[in-house]
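Chain lettering (A, B, C and D) follows the sequence in which the chains are written, and residue indices restart at 1 in each chain.
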Amino acid sequence: MSFWNDPLKVAADWLEGVFTGWGMNADAAHVLVAFLGVFLLIAILMVIDIFLVWVERKVVARFQDRLGPNRVGPFGLIQPFADIIKLIIKEDTTPGNADKVVYNLAPILSMMSVLILWAVVPLAPVMLGTDLNVGALFLIAAGAIGTLSIIMAGWASNNKFALIGGFRQVAVMVSFEIPMLTVLMIPVIFAESMNMNAIIAAQSTWYFLISPLGALIFLVAAIAELGRAPFDLAEGESELVSGFNIEYSGMKFGMFYAGELLHAFTFGGFWAILFFGGYRFLGLEQVSPFLAILILIIKAMLGYWVIMWVKYTMMRIRIDQMLAFNWKFLTPLAFALLLVTALMNALLASAPAWLYTLGMILANIVTGWIAIEIARSATRSEREHIEGGKKPAEAHH
Amino acid sequence: MVPHSWYLILAAALFSVGMFGVLARRNAVAILLGVELMLNAVNINLVSFWRYSDVFSMSGQVFSIIVFAVTAAEVSVGLALVISMYRRRNTVIANDVDMLKF
Amino acid sequence: MTTELLIWLIPLPPALAFFLIVLFTNRSKMLSHTLGVGAAFLSWLGGMVIFARALGVEHLAEHPFESAVNWLATGDSYLKIGVLLDPLSATTLFFVAWTIFMIFLYSVGYHNFGQPEGDHDHAGLPPHGATVHGHTVPSVEPMYSRFFAFLALFAFGMYVLVVSDNVLTMFVGWEIMGLCSYLLIGFWYGKESARNAAIKAFMTTRVGDVFMLLGIAFLYSVTGSLSFKDIFREEVLHALASVPTGILGLSAAGLIGLLLFIGTIGKSAQFPLHVWLPDAMEGPTPVSAMIHAATMVSAGVYAVIRMFPIISLDEKTMTFVAFIGAFTALFAATIAVAQNDIKRVLAYSTISQLGFMIAALGIHAYVAATFHLVTHAFFKALLFLGSGSVIHGMEHGVLHTGNHKVDPQDMFNMGGLRKKMPITFWTFLVGGFALSGFPVLTAGFWSKDEILADAWAHGHTIVFFTLAFAAFLTAFYTMRQITLTFLGEARTEEAKHAQETPWTMTTPLVVLSVFAVGYGWVGMPHWATGGLVPNWFHEFVGSMLHEHAEELAFNIVPLATSLFVALGGLTLGYFAYRNVRSSAEDRLQISVLKNKWYFDELYNFLFIKPAIWFSEVFVSKWMDQGVIDGILHLFGPATGGVGGAIRNYIDLPVINRFFGDGSAEVTWWFGKNLRPIQTGRIQQYLLLTLIVIFVISGLLYFLLMA
Amino acid sequence: MTAQQIIFILIALFTLGSAVMVVTTRNLVHAALWLVSTLFGVAAVYALLNANFIAVVQVVIYIGAIAILFIFAVMLTRKDMRDAGPQINKNWWAGVLVSLLVFGGLVYMLREWSGFTKTASELPPGFDSIGLLGEALVSPNAYVLPFEVASVLLLAALVGAVYVAFNPRAGNSDK
């Protein structure tokens, strides 16, 4: 077993050897090494996060036909560091009558809800924080903490804009958790496990190919969970000035901001893991764990880019329409899709691979088509109802 | 290893704390918070009994799952009642809602 | 599709049409009549296909198409229902399918489809016409869809009756028709006369139906089966004929036959239950055609023909049948000559012709009766539809002049219509000649001649002369009708403005007139065709009987009689009424005939008045109000007295004062003292509950465990 | 004392301390937040008991839904940000007494139970508690009926909550 095949274990064994060599208790050394590992992972993530700021700014600039940051460093690469320095040296304000403990806890929780996710992300077959057998559910559990951080921020700021923003965001997150959780079960059905590594290992064909509709629903729900456009109602600038984080300044705001970017990137990663085979790509992941990490990061970046693409091309949706969209369309569709997928999976269990794939794709297409037809007819009748209601009024004039 | 008694005592303590909350708090929402604590104590018991007896018999976990469902139902209806009460009586203090007295 | 399945399916389209119209398409006249006519067409098509297949079978009578399923569990065995197609039902199906289809088609025009809604038409009344651009035009029937629904149900009943292989389903179809005739005669229920006519028809036929049901029950109890196949077996018939009943000295077969025949008397309007049929003219004319030609009265005769093997077993019954038939034939004909209403004449004529058939059966002339049934169905349907067409044309004239006092059905208001309504005239003429038995050409001649020949040949001289005289009267009043209606000059302004009816009404007339002439040719006797063409009808239907009836030899007497009565009646009718200008000049307006031998009055005196007296005076006033109410009134004060005593001496002092008030006071005392505990505060309750639980569980623990 | 025991004691203290704060703190939002931390502690207890699924579901349902619902309810039923007046009723001493009595009674009774000091056996290798749980929940031989009844209960609660909290006077702005 060499470093290049299983770097994490080799490094951990070596470090534990060093610590016990210093006369440390074996248990304590184990815990210390684990903490070091966590610290290392967080550090890497923060660096990626900083880099993500640059990516986001650069990409949005390209979307808007601008150049983006290009002054500090090559291609403006150093720009995020300058931003951080600016955020740190800003005055750290706390509104009067704010609930100080809660107010200060909220950004930390926000960041934590993202970082905690990486505990179950398999970077490579042998490299992951913990091989939890309910990894898929963990995703939702961490989202719950994010929800909590937002409502805490909104409430503790002692500002009605913040409170309304927080309420909105929480309503959206709680609602969209349901379709998300439902479509999460689709990879679980295929892989017959909630373990992340098992889900990746079972993806000889990407689940995107046999459940495109599921992948789409997951993406929509993920964007809503993130609170990014077109679902960015929590910070609808035109109505709420800035939303739940209006009172935050300096690095506390920075943590919300960084948390959001990292969250988007993380969801890109989860999307890749659940529907696009994670670190697997043409068997390259077998060559070296580092190559596997690279593949995963590239896939996560692509997912992140899709999320950005959506954000910068779609307009914001009204809150009632958004909740109606979730409860009246997305949630029933997710339930129906789950039922159809489970049924087809059971029916085609012994079918040849091509038939299985074909059947699944057909099932997805039919389900989606029926859902869209139902939505269309409902919309039409509603429109007719509204327009029909206007006619007597016109006649009255 | 942790003996079973520790979990049971923890659950009993949590249950008592929750019961105090139910008995002593004036705010109806706070009473429901106490109920939550009691239900959690029960759940700890259920799961620990699963763990400390035959792990292949899933009754303990199944019951805790059902307690989750019951809790969700209880909280939603309870809070709906509190909100309704607030709308009608403009109070959430449990003792103010005493129209059933003689 | 097998023929059996097709036979099963024949009654289905009208039933479906009925339910569809009633449940779904009642609002849409277009859809409703499409459904109705379509259903009639489908049944017609099925009927024709089956008829064609039936012709292709060698010995249809011995090997009929049949199929049966278990229906009702009756103890150990099942009551079977099924379908049967033998020569008799095949010929019946043929004319039923044609006439029903034609009547459906005719109804579209008769109810003015395509015309505007009337200005002041009401559901339940005939349409009064609508004003369009200052002209009065006919208006569409308000209950158009309902009419087609009822008509479809009627057709369903008739088809069920025709194709059924047992007496029970035949009776079911029979009763469905009874209901429909009630509904359709009372179709314009806004008119009091229509309401009364509907009730009269229903009640009168009900009398016959009850006897028929008795007959069916008796038949079942004797033979244990209702299927034709079972009850017409030789040994069963023999057993029936030999079992005496002790009633009027009749055998079982005789009694059953008699009871069944009474059902027919009601349905086919034979004396003395004939009174409903003329009144049934209150319904729309297609209904009259339906009842008097295609279905209901034919159904009565059909039933007798069907049950002929049983009825013919007992000579006493047969004599009775022959008597009733011959008497009715003559009796109705005498009334018909004095009627002025164009439809009423036809109604009595129908009764008379049915009498011919019944009389023919009574003298064992099975084939002749069937033959006359078929030909009569065709030409009488034609005549009714024709008269409907005349009335329709007259109504047009009435609408034109606006004089609503003129009765468009009175023949003395008509005259000269042959120029105004040529198609109606010629077809009516064909129908009328067929009815009169105009020699050689018409179907009526051959069938009537066969009956007369049979009567003569078998020595039933009385019957022969009675029927001959009736036939003479028939020719006479038919010609009277034609002369009054079509010939001469118009007697009223309205008749001058009469107008030919639309194609939906004239097409059925033309089609039916073809049959009225042509159908006679299939039953021409040998001597007429010189043996060139076999007497198909005789071969086909005659094979139904166990003893194959030989065809009669030629005899000059009945032929000469036929020729004489037909031509004589026609000639006399023409010359007598050629120049009559009004009803006052008619010398046959004798009050006895005019008032139908006072039969309505007689029944009124004999049955209706006593029934009303019995219900209103005897039961209501004497029994109910006098006796029963008196007893009840006696109970009242007695009960009051007992109650008062109980109240004063037991209830008030013991129950109320002691138990009631006492327990209330005790409860109240407890309540007052326990009240402070009830604070209404949930947490206090909970606290108390917990303390009590704790104390009790502690006590239990230490008492039981320790 | 093993590491696991130390971890248990830490978690237990954290849970109980949070629980006490839930019932004593004056600020209701804080009480709800303390409830969240109690629930986290309970989730950790489940994790210690090798019930991963229950632990994660605890977080998803209790924190993600129920605690949020509580915070919403607290915020919807207040006139201002502060909680005025006493938060404990006059019979609080009786509550303390009963609670202590219940705790003492429970411990007293449990002490005599034979399985009280039992330690857990090692989990068998490759033990799949999620699969077993799933099968137990939907197997006709096990708990499918209670499972379905729970679903019906949730539906009824959903409908009931909507009906109870619906304000007819406010009406529906869509119409």
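What we mean here is this: a residue touches a chain if its C-beta (ideal position, glycine included) is under 8 Å from a C-beta of that chain, and two chains touch if they have at least 3 such contacts.
If you're wondering where the values come from, they're calculated on a predicted model, not measured in any experiment.
K.L.:
Between A-D and C-D, which chain pair is linked by more C-beta pairs in contact?
P.N.:
Between A-D and C-D, the larger count of C-beta pairs in contact belongs to A-D.
K.L.:
Name the most central chain, where centre means the mean of Cα atoms.
P.N.:
Given all protein C-alpha atoms shown, the central chain works out to be C.
K.L.:
What whole-Å value do you get for the distance between chain A and chain D if each is reduced to the mean of its CA atoms?
P.N.:
One centre to the other, that is 27 Å.
K.L.:
Between chain A and chain C, what is the separation of their C-alpha centroids in Å?
P.N.:
80
K.L.:
Express in whole angstrom the distance between the two chain centres, defined as the mean CA positions of chain B and chain C.
P.N.:
77
K.L.:
List, in ascending order, every residue of chain B touching at least 2 other chains.
P.N.:
19, 22-24, 94-95 - these are the residues of chain B that touch more than one other chain.
K.L.:
Where in chain D do residues touch at least two different other chains?
P.N.:
Expected reply: 53, 57, 65, 72, 89, 91, 94-95, 98, 102, 129.
K.L.:
Considering only which chains touch which, how would you classify the arrangement: line, ring, star, complete or other?
P.N.:
Topology of touching chains reads as other, fitting no named class.
K.L.:
If you look only at chain C, which of its residues touch chain B in the complex?
P.N.:
675-676, 678-683, 686-687, 690
K.L.:
For chain A, which residues count as touching chain D in their complex?
P.N.:
Against chain D, the touching part of chain A is residues 27, 31, 97, 99, 102, 132-134, 137-138, 140-141, 143-145, 147-148, 151-152, 155, 158, 163, 167, 170, 174, 177, 181, 194.
K.L.:
Can you list the residues on chain D that touch chain A in the complex?
P.N.:
3, 27, 29-30, 33, 36, 52-53, 56-57, 59-60, 63-65, 67-68, 71-72, 75, 81, 128-130
K.L.:
State the interface residues of chain D toward chain C in the complex, per the touch definition above.
P.N.:
Within the complex, chain D touches chain C at residues 89, 91, 94-95, 98, 101-102, 105, 109.
K.L.:
Using the touch definition up top, name the residues of chain B that touch chain D in the complex.
P.N.:
Contact set of chain B toward chain D: 1-10, 12-27, 29-30, 32-34, 36-37, 40, 43-44, 47-48, 50-53, 55-56, 58-59, 61-62, 64-66, 68-77, 79-84, 86-87, 92, 94-95.
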